[in-house]
Amino acid sequence: MRYRRPGLDGLTHLLLIIGAVIFGLPLWLALTASTHSAGDLQSGIAPLWFGDQGLANYWQLLSQPMPGLGVSALRLLGNSLVMALGIALGKIAISLLAAYAIVFFRFPCRTLCFWLIFVTLMLPVEVRIVPTYGVVARFGLIDTYAGMILPLIASATATFLLRQCFLSLPSELFEAARLDGAGPLRFLKDFVLPLSRTNLAALFVIMFIYGWNQYLWPLLAANSPDHATAVISLKNLVQSTDTLPPWQLATAMTVLTVLPPVVVIVAMQRFFVRGLTDAEK
Amino acid sequence: MTTFERHSLTPWLLLAPQLVVVAIFFFWPAAESLRQAFYVQDAFGLGERFVGLANFQHVLASPGYWHAFGVTALFSLLVAAGAMGLALLLAVLADRVLHGARLYRVLLTWPYAVAPAVAGLLWLFMFDPVLGVLTHALAAIGVHWDAQLDPGQALALVVIASIWQQMSYNFVFFLAGLQMIPASLLEAAAIDGAGPFRRFFGITLPLLSPTAFFLLVMNSVYVLFETFATIDSTTLGGPGGATRTLVYKLYEDGFVGRDLGGSSAQSVLLMILVGVLTFIQFRYLERRVAY
Amino acid sequence: MRLSHLLPFVAVTALSLSPSAQAATTITWWHAMEGVLGEKVNAIADEFNASQDDYVVKPVYKGSYSDNLTATIAAFRAGQAPAITQVFEVGTATMMSAKGAIYPVYQLMQDTDTPFDPDAFLPAVKSYYTSSDGHMLSMPFNSSTPVLYYNQDAFAKAGIETPPKTWAELGKDAHKLVESGAAECGLTTAWPSWTQLENFSAVNDLPFATQANGFNGTDARLVFDQQPATVAHIQDLAEWQKSHAFEYGGRADNGTKRFQSGRCAMLTTSSASRAGIQEAAKGKFGFGIAPLPYDAKAVSQPRNSIIGGASLWVMRGQSDKVYQGVAEFMNFLSSPAVQADWASFTGYVPITTAAYQRLKDDGFYAKTPGASVAIDQLTRGTPDDNSRGLRLGNMPQIRNIIAEQLEKAFNGSETAAQALTDAAERGNQELEQFERSVSN
């Protein structure tokens, strides 16, 4: 039991509530602004409370092409979803196999392979962006989902985490599997995967958010509207030329863009915390 | 861990997808980066010339590079201090409460899910010269907010947006760290007559220091790379280069300036910097494992 | 059988049924025209596609000018360049120096036996895209020039009757507007380097760089910092900034917002912003358009201003059939009908004399107050070394450097003289880098 002074409890809650409110304010303002008309937002201060244009704004966003881009928000959100899922599932799939090979097999150059993969931790895509663009273009993958996804899964974070996870499995498990006569693939399917479910879910949450929120790479790799993502479209909306930014649409699009990853984090809070802190180990 | 013997091909098949992806999309571009750092090339790639270390000399001799280095360091320091300080405070508070702890955790961690670019835009909206709520609040107390012209205010804008975004990450770690501190330790100290502040500074903080150190490195890495999006969606590196970080400069020189040699040389320098950071982090992890 | 297996058959059948689709050659056109301008670009392509059966022009919006140039260069390096790409005026030197990458328009027209008369274009437009040996290398498309927009309501409130003609008058008016409470801010600007340095130099007949602003060679160096009138102008703006007579509004066209919201009573920006400003001002305030002010101490008669906007470049690596189509499309684009329609719709200036004449005959300028300001300002006098335009390598970066240094002058951290000296010095490093990279 902790030692506490009852008087402090009220203060604790108060401070936490203030913190939560301050942290929520930016999104709250976006939410309220997205329910006002363009005219309301062109003069005066951003409103703190809802207006009556919410339905109209969101409907316009979802049903009509976005100004400047010519594709609808649904398409953009769909592109983001494809990219986020592609990165999360792709990375988990190739990392799972690689980590499994490194932990459960002995073969020449095992350490070398491990280090080759490990080195990728040192150089995020932002640093090798110029030549990466060249390589992807050489394969004709600019403006394709594959081109948007592949360079971002060429990193070892997931391999690393899964290796840690597999190493922590009890070695009796392996013996049991051997008694069962299980080959490598059955061992993976029936023993390793079920026991790593939590870690895989945690990894999925982190990678999904990572993929959804990508900026620089899709900006370059998907520079036609057909493959643009929701995050990229926001920059286009706000930094529009020759006109005032359509803030009512920009804020509505912000809300739509932020929603999916926030829902994932809130719904999978347990895995999210696990996923983050796993990365530390 | 015991391993499968007598399977010589299987491990290679399992490793193949990752090795292929890493070879094509990591090692190839990285090698290309390394090679281009020693060449001067025109934008269209019609001709190139070996120049030895000249690109590195140009980069290291240019005041702009060192300015960007200074901006990055200051930026990292401010974000680390702000995001870690706030996170620690809120984590200590959240660790104290018995009721609603889970709700508070959700309410304080969701900004992690917001893309850095979007975080930048949300704060840009609050600081908009015409309709920004904060612009008007500041005007009411006599502060003229103009982040397009005032270097300090521009840096403040991206720092605040980054702290807002990065706080939740730190919060998760501090809270996890706090919950791992054995209650018996704090109890014993309390019986010895240590007040809450002495308990915090004498026991909690030292035990959290490895976490804090880890977060310091992670926050620096965050500022180095992730804040590119925050900057590009708000200040575009301005005014007067006040928010141009190393990665932003690399991008500008490579993609806007099309100076491939110069930007590749910067890539190599960044590689070295990240290598040092990774090494430090690795050493720290080793030490922790030894506990 | 799955549907996907059927698709090839369906496609083949569809192709054989429609003769036009079978024969049509696709011509890709990458551009940076967003929003309504982008829709207009699509409409122009549709019109061309409907007019014949041999070619289909496919416009693709690629983001900002800078994004598009980046994409074009990367695509060229990967062997996948579009047939036509739109490059902003300051990218001209970069494109001209890339001899193996571009197909000069005059040559394309010659090779395909397509009629092409460079003299049909306005002199200020033609000169910008013509090489030193007199050949037109790219096809002008959208050209604009900076003008002064002013808020008529605020002017009336402050008791000012006519828009300022010189910078000295503008300074007085700006202070009067702020002091009388008619506006919170006097003047703001978009595209700071383009309006306040590049065009200031041209209009007042001052050199911006040596070698006729780069037209005579890649060894040109910046000299705007050595012109007392230019330095004094920036110093004035920096002084005015303190009292809100001038407010720096950011790079690119960010400053436009301060005028549209009614905060600033004057704005210097592209003539092509007219439609956007009209839209924003509707129901809020009336606005007028006046020529860019000049400096009466530097020049007695203002020279022509220089153009902004973009031109179309043809990229190497396509088939002869494609180039035939490109030539036909270029011919279509520069026809008076298309040009007059484009100019009246957008606020860009008509780039050919015939299109200009057509708009005059249609009574467009009589109907649309302010629309003639840009074209009059561009066509006054004959372009000389200082007003032909700029042909400097790495100009996009130089503009960034200038904007950065102007910010230092406007926020008071450096004097105008210091800021401009630094800008020229840093800009010259860019020019040296460019000279090195093209002399391989």
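Order of writing sets the chain letters: A, B and C. Residues in each chain are counted from 1.
Heads up, the rule we're going with is that a contact is a pair of C-beta atoms (placed from the backbone, for glycine too) under 8 Å apart; a residue touches a chain by one contact, two chains touch by 3 or more.
The shown structure was predicted, so the numbers you read here are calculated from the model rather than taken from an experiment.
S.K.: For chain A and chain C, which third chains touch each of them?
M.R.: B
S.K.: Looking across all chain pairs, point out the one with the most C-beta pairs in contact.
M.R.: Going pair by pair, the biggest contact count turns up for A-B.
S.K.: Quick one: point me to the chain whose Cα centre is farthest from that of chain B.
M.R.: Of all chains, C has its centre farthest from that of chain B.
S.K.: Roughly how many whole angstrom separate the Cα centroids of chain A and chain C?
M.R.: Centre separation, chain A to chain C: 39 Å.
S.K.: Between chain B and chain C, what is the gap in Å from one C-alpha centre to the other?
M.R.: Once rounded, the distance between the two centres reads 38 Å.
S.K.: For chain A versus chain B, what separation do you get between their C-alpha means, in angstrom?
M.R.: The answer is 16 Å.
S.K.: Can you pull out the residues of chain C that are in contact with at least two other chains?
M.R.: 70, 77, 257, 261
S.K.: Which residues belonging to chain A are in contact with no fewer than two other chains?
M.R.: Residues 42-43, 134, 220, 239 of chain A touch two or more partner chains.
S.K.: Mind pulling the residue numbers of chain B that touch at least two other chains?
M.R.: Correct list: 130, 255.
S.K.: What part of chain C is in contact with chain B in the complex they form?
M.R.: 66, 70, 73, 76-77, 94, 97-101, 241, 247-251, 254, 257-258, 261, 263, 394, 396-397, 400, 403-405, 407-408, 410-411, 413, 426, 429-430, 433, 436-438, 440
S.K.: Given the complex with chain A, which residues does chain B contribute to the contact?
M.R.: Contacts found on chain B: 1-5, 7-8, 10-12, 14-15, 17-19, 21-22, 24-30, 32-33, 36, 86, 89-90, 93-94, 96-97, 100, 102, 104-119, 121-126, 128, 130-133, 136, 164, 167-169, 172-173, 176, 183, 186-187, 190, 196, 199, 214, 225, 228-229, 232-233, 247, 250-251, 254-255, 260, 263-264, 267, 270-271, 274-275, 278.
S.K.: Taking the complex as given, what residues does chain A use to touch chain C?
M.R.: Going by the criterion above, the answer is residues 42-43, 67-70, 133-134, 137-138, 140, 142, 220, 223-225, 236, 239-245.
S.K.: Would you mind writing out the residues of chain C in touch with chain A in their complex?
M.R.: Per the touch definition, chain C meets chain A at residues 34-35, 38-39, 60-63, 67, 70-71, 74-75, 77-78, 80, 252-253, 256-257, 260-262, 272-273, 275-277, 279-280, 284.
S.K.: Can you name the residues of chain B that touch chain C in the complex?
M.R.: 40-49, 62, 64, 129-130, 146, 148-151, 236, 238-241, 252, 255-259, 262
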